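First chain written, first letter: the chains are A, B, C, D, E and F, and each begins at residue 1.
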Amino acid sequence: MPTLDSGNTAWVLASSALVLLMTPGLAFFYGGMVRAKSVLNMLMMNFICIAVVTVAWVLYGWSVSFGNANDANGNGFWGTLTQWGMQSINTGISSGSHATIYGTTGVPIFAVACFQLMFAIITPALISGAIADRTKFVGWSIYVLAWVTVIYFPVAHWVFSPNGFINAKLHVMDFAGGTAVHINAGAGALACALVLGKRIGFKKDPMRPHNVPFVMLGAALLWFGWFGFNAGSALTAGGQASVVFMNTQVATCTAVIGWLVAEKIQHGKFTTVGAASGAVAGLVAITPACASVSPIGAIFVGLIPGFVCCYAVNLKNRFDFDDSLDVVGVHLVGGILGTLLIGFFAAPNEVSGFTNGAKAGLFYGGGIDQLLAQSEGAGIVFAYSFVVSFILAKIVNATVGLRVSAEDEIAGVDQTEHAETAYDWGGLSGTLHRAAVSVAAATATSNGSTPAGESDEEKVTV
Amino acid sequence: MPTLDSGNTAWVLASSALVLLMTPGLAFFYGGMVRAKSVLNMLMMNFICIAVVTVAWVLYGWSVSFGNANDANGNGFWGTLTQWGMQSINTGISSGSHATIYGTTGVPIFAVACFQLMFAIITPALISGAIADRTKFVGWSIYVLAWVTVIYFPVAHWVFSPNGFINAKLHVMDFAGGTAVHINAGAGALACALVLGKRIGFKKDPMRPHNVPFVMLGAALLWFGWFGFNAGSALTAGGQASVVFMNTQVATCTAVIGWLVAEKIQHGKFTTVGAASGAVAGLVAITPACASVSPIGAIFVGLIPGFVCCYAVNLKNRFDFDDSLDVVGVHLVGGILGTLLIGFFAAPNEVSGFTNGAKAGLFYGGGIDQLLAQSEGAGIVFAYSFVVSFILAKIVNATVGLRVSAEDEIAGVDQTEHAETAYDWGGLSGTLHRAAVSVAAATATSNGSTPAGESDEEKVTV
Amino acid sequence: MPTLDSGNTAWVLASSALVLLMTPGLAFFYGGMVRAKSVLNMLMMNFICIAVVTVAWVLYGWSVSFGNANDANGNGFWGTLTQWGMQSINTGISSGSHATIYGTTGVPIFAVACFQLMFAIITPALISGAIADRTKFVGWSIYVLAWVTVIYFPVAHWVFSPNGFINAKLHVMDFAGGTAVHINAGAGALACALVLGKRIGFKKDPMRPHNVPFVMLGAALLWFGWFGFNAGSALTAGGQASVVFMNTQVATCTAVIGWLVAEKIQHGKFTTVGAASGAVAGLVAITPACASVSPIGAIFVGLIPGFVCCYAVNLKNRFDFDDSLDVVGVHLVGGILGTLLIGFFAAPNEVSGFTNGAKAGLFYGGGIDQLLAQSEGAGIVFAYSFVVSFILAKIVNATVGLRVSAEDEIAGVDQTEHAETAYDWGGLSGTLHRAAVSVAAATATSNGSTPAGESDEEKVTV
Amino acid sequence: MKLITAVVKPYKLDEVKTALQAFGVHGLTVNEASGYGRQRGHTEVYRGAEYTVDLVPKVRIELLAEDHDVEDLLNVIAKAAQTGKIGDGKIWVTPVETVVRVRTGERGAEAL
Amino acid sequence: MKLITAVVKPYKLDEVKTALQAFGVHGLTVNEASGYGRQRGHTEVYRGAEYTVDLVPKVRIELLAEDHDVEDLLNVIAKAAQTGKIGDGKIWVTPVETVVRVRTGERGAEAL
Amino acid sequence: MKLITAVVKPYKLDEVKTALQAFGVHGLTVNEASGYGRQRGHTEVYRGAEYTVDLVPKVRIELLAEDHDVEDLLNVIAKAAQTGKIGDGKIWVTPVETVVRVRTGERGAEAL
């Protein structure tokens, strides 16, 4: 049986921590872009994904996605329930026993489970950007639970499990999740934007970012964590992880340049939000391709999506759907581009790292096959994810409700959903009245008081 | 002699960096919660802990805490002074020599010393939250030095050193510091809150968080760094570290849920500050237990403290002591819960990783013994820490002084202690007068000018 | 041939991610110190370094700096072009092949290339602080490309490549870049400050930091990443990396203390910006020395520069050059001090880790030789960098232009260079008019509209 | 010459501005304000403490106008700012003795 | 109708508001302001440079009142805002010709 | 007693304050404001959308003065705030019936 490799394990554990950090990073990237009255709701929509998905993951998610990863006879559509609660997995702690290792990586399954969990967390979190400023927190939390259960867990099996059908049968190369993560989330975002509808004042009121440095901070944390996301996906600390790391860096940088150039052409300026968005577009695009291309190839896998996505963010205005923070324009479009560009730029040397029979790309003498395979994989995930995401959103919206009332939206979801204000610079804050704080009192009042920003009814001060 | 393991060393070094980051994370978690006029003082109280404790650590702290870790005949109460300045430790650099390894970990003592140093830094830093808005910077710095010397260094020996009496004699399971770090800091916080007394306007003026996104940022950095704190405590990158990582994640998430539910019951809302607080409560509670329970057990070791701590933060109002940012409610209560819950949820497989004769918990057929042991450990650390912290605070307060004057507190400690303002959005800043900046001039003026926010004496503009 | 070491590789990859994070960290450290009207420009000046330098690095930078690192007969002045595009380097992916390892580290060249790339990114980024509030974004981007090509890539070869002349011939000890990074960037900063000239209102208008918590956040991220910078430079996870980690921590802390003490003497207050600046000064000074001194030595290598740099930041006022954020006072002065202090504090045991014939320092019985060698190295890098930086700045300024117009500078470079506002707290933002957003429209308008803050011509609202 | 001061709901500012422009007003000055009145605020929760925020955000518009325009301007502003809900705000008129245009030193009507 | 404008220390706002409510005032408008006067500011230090901040934070309260209430209101406000220390601020009264309640279009006293 | 209100460019505030001090003014109150007028704003770009910001930042100065000083003060302020470029702002004067110094209760000229 394979033995433990402390170096690989150290890398996978470090990568797991890096990927966990991506979700707060995303929260700030998104949170900085919304108006000051809904930044907290945006942070919370992301934060709650961590909590909800983690619980589902240990209970059944891991088992459904990877529970039969080592079983060549898996049906390819979903895993098992036999590893529910992760109980049957050997930790290797009790003397004499050995930790169950994932494949031939020398890394304990528990470490790989931590790593893959972080992917399951950030994927639904990505959707939140499409429905900023108007989402009911409870409805969203339930939606996230349903979404990962019915969509992410199986799709992760299809794409990431050695015996998943997209991976094993269709020979798709998706190293770190162009389909399973970005196209998947992008499709969900489109569905949610359509179900929830436009924000009040969409295309009329100005809705500029309230804190651009936070957008940059978020982008920086995403970039930092993404090295764990991509290079960690090698599950080993060696040559492949090293090239993947370099490719990730290169594509992200050329994407920044691509976006800035497109912006200069369109608006005559290089913006900060544009540079941050370009970086994310590049990270998205290189995610599936990072282990299939050479650094030279990575230049194009970044440059092209960076440039194109800058135009793609205008789609929502053209087709008039309120994908508030451009999840479609960046993650769906970027994910599709990255997945398909593999069909052109996949290089023989890198491709040899894949054991699923994938071929080199069109520009590297591999012919058209891989491009077709990639398209197939992208198409299947998009179709499945969009349809099911749409249905789930309709159901949740019709039951618990996914969208807040118009008054609440105008007052701001921070106040109405979370009873908080993001910032208080001290000016007039002397004008709050402090309520009795004993739990008793608090409970009493809390019933009467539905916090509301522009609530017009007379209301007794607590 | 044990040989170097590069994988384990890489993990311990990476973990050390992660734990260092926790202190700035804490600074932002706390800093976002105070009013805009004292955020810098809060950042500084945390930042100075890093500086002061590090110097004490290399000079004598490490030696006192771990200097005789490998000596089975240690008295169990404190280490040695023989490793002062860390001079006697072999770095393994000069050819032919070998780095002195810590126990059987394959990790150089220097790496373990870096890792443990970060624990010594954040423990006193945790206390700062209890005395926000009113603390003299110099007094605090001196208090921190005294506190780690008299309290943390010995207690760390009791709990973390293989021959420490709480560890070896009492068979307490405290993997990463439920007693040594959180109960210890919580007791210190209670003592300081009592000695310094309440802020002007406590329970009267509104004192809401001035920057909630910073609270969330801090919580995110804490969470990220905590993986190093807990999983790094395995000092090896293998099966145990992997399970610990998973348990840490699980408990933190269920604690978020626990807190939010309790909040919904009390106030009818899910708040951002609540979610962040729940995460910290969960991280605190799982810290001692992360290597003693299974992922299923971790669900409860997070959920219960998360729920309970949300009520515990009301204690300060009930009993009328100004633990400003709820260090008692979160770290003391959470630390006690985590330490005791081990007595119920410790699972045989995980427990087998301990070599100090600890037993499984009540729910896992281990009987009542471990619960008693845990209570004993928790009680001893609380009693020692509270009494000594109280005495030290009294002494420092009576000599250098720990609390600022009423005028200074009203004007804001940022202005009066640090001569700075946290934010300047540019509006009226054209109205500052720039002073001569040559050192000479500066020195001259600085004497005359005791910065004061509401200073009413006529004063010549520099 | 040397075989792969997964532990060392994990550490170098993790370190690479840490060092990448330093540049955004620097962006916030600087960004918090400028006025609110130019924070985005500052973030962008740093962010663009990542993009520009990365592309240059894979295309030719790595090859020029390290392409012939293993060749003892290298000319010592620059590497090769044979590794352009990094194509000739074996990834070790295709079965049977082995990744090309860097020296005897057991780490793939690709990993080392990622690590060294991050150094090439942050060095020019450091310069940006000297020319805050007034720099043309396009001119800066071009300057960065020219600067790394003509200055950083060769200098990195001189200092870091085993066969570089400063390293091999002059026996200079510069472990992580006191000369190649900090003196180099400091000299460039001085040159740029002189070429661009002073800001309007320098020494007249108040220019206080607009967001001090961001300064602290940046310092924290720098500190965190710096462990990768210094300890990662060992390229192995063992005894040397462990001591380096400890020395880095110790010197940074004593520098914080040194700066705060100097500040107390000068102004009677301990400031937050001062503490953050002291930390950076300490990190700068220990960078070259971290592997040459013992922890006791590190105390002084931090304390002295921390204290001295606090006075050095007044040089710009004395000599009346507008090094806006004190790159000279901190990085040039700190870098020189760190490099020279090695000549006094280098300890035999640590020095034995160097294979270039370096000697112990004056206080450790090594005589004066090493001090002379260090001075020589520092002098050569300063002279070369200052002269060439100055010439390049003159050229770029004379052609594309490096400085914005007076109106733009008064209005603020965020508005005029990037058409953005950093913050919008929501107050009067209802008063923006949203323009047509279709690309067509956008393009149309963008021509007519040269965004301007105080533009006085009549202008039709879009 | 008169000074018209209007305190209205922030999200109404745009409509008021547009209406005034349509009427032919070429300038005005605005600042953020907080209002207290029949319209009540909202409740916030932090760590077990509930706060009542009883000031609501408003914008305060100042408009220098010639006497004969005042009546019309009052109606224009009131119409544009009206939602019919409590909290719509107030408008008041105070006499102005002199107006100076800083740029030119012009006085009175020419200064507008 | 008169407009009473009071510039007071920020942390006194709450007391002023409470006193006015007690007196029976049902509305007012507040905004942040900075004051310059006998009361001096404080010194700040950044990287070796010392700054003197000579504007101190104040709040500015506007209160529309009927003529017969003015005298009492002046006393109520002055009493509530007083600390006896330099910097307590000023109150002044200006004549108002018309007041309109935006919601209803009511004029004069009814508009309050 | 009169109230002089001046709306000027923010970076001119310092000069105005200095000029007033030189004239012998011992106090004033300032707040941030945004102005709309001939001077137009600027364009901003976010993710493909262009915004026109048509309010420009101003500062609003309030100065209580005795009748006989008003004329001089108007000139002092206008001179100090003038750049000659569009957007320099306005100054206006309104009558004040009473002034109270909160600290002492003094009225009228003594209150300044």
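In the analysis below, a residue touches a chain if its C-beta (ideal position, glycine included) is under 8 Å from a C-beta of that chain, and two chains touch if they have at least 3 such contacts.
Computed from a predicted model, the values in this text were never measured in an experiment.
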Intersection of contact partners for chain B and chain D: A, C, E, F
B-E against A-B, pair bridged by the larger set of C-beta contacts: A-B
Separation of mean Cα positions, chain E and chain C [Å, integer]: 50
Inter-centroid spacing, chain D versus chain A (mean Cα positions, whole Å): 44
CA centroid of chain B to CA centroid of chain C, Å: 31
Where chain D touches two or more other chains at once, by residue number: 11, 17, 30-32, 34, 36, 38, 44-46, 48-51, 55, 85-87, 94-95
Junction residues of chain C - those touching two or more other chains: 5-8, 10-11, 14, 206, 208-209, 211, 217, 266-267, 269, 271, 273, 314, 317, 419-421, 423, 425, 428, 430-434, 437, 439, 442, 446, 449, 451
Category of the chain touch graph - line, ring, star, complete, other: complete
Chain A partner contacts - residues on chain C that touch it in the complex: 4-11, 13-14, 16-17, 20-21, 24, 27-28, 31, 39-40, 43-44, 47-48, 50-52, 54-55, 58, 85-87, 90-95, 98-99, 108-111, 113-114, 117, 137-138, 211, 214, 217, 417-426, 429-430, 432-434, 437-439, 442-443, 446-447, 449-451
Complex contact set, residues of chain F against chain A: 44-51
Footprint of chain C on chain D - complex, ascending: 10-11, 13-14, 17, 30, 32, 57, 59
For the chain A and chain E complex, residues of the former touching the latter: 427-428, 430-431
Interface residues, chain E side, partner chain B - complex: 9, 11, 34, 36, 38-40, 42-46, 48-56, 85-87
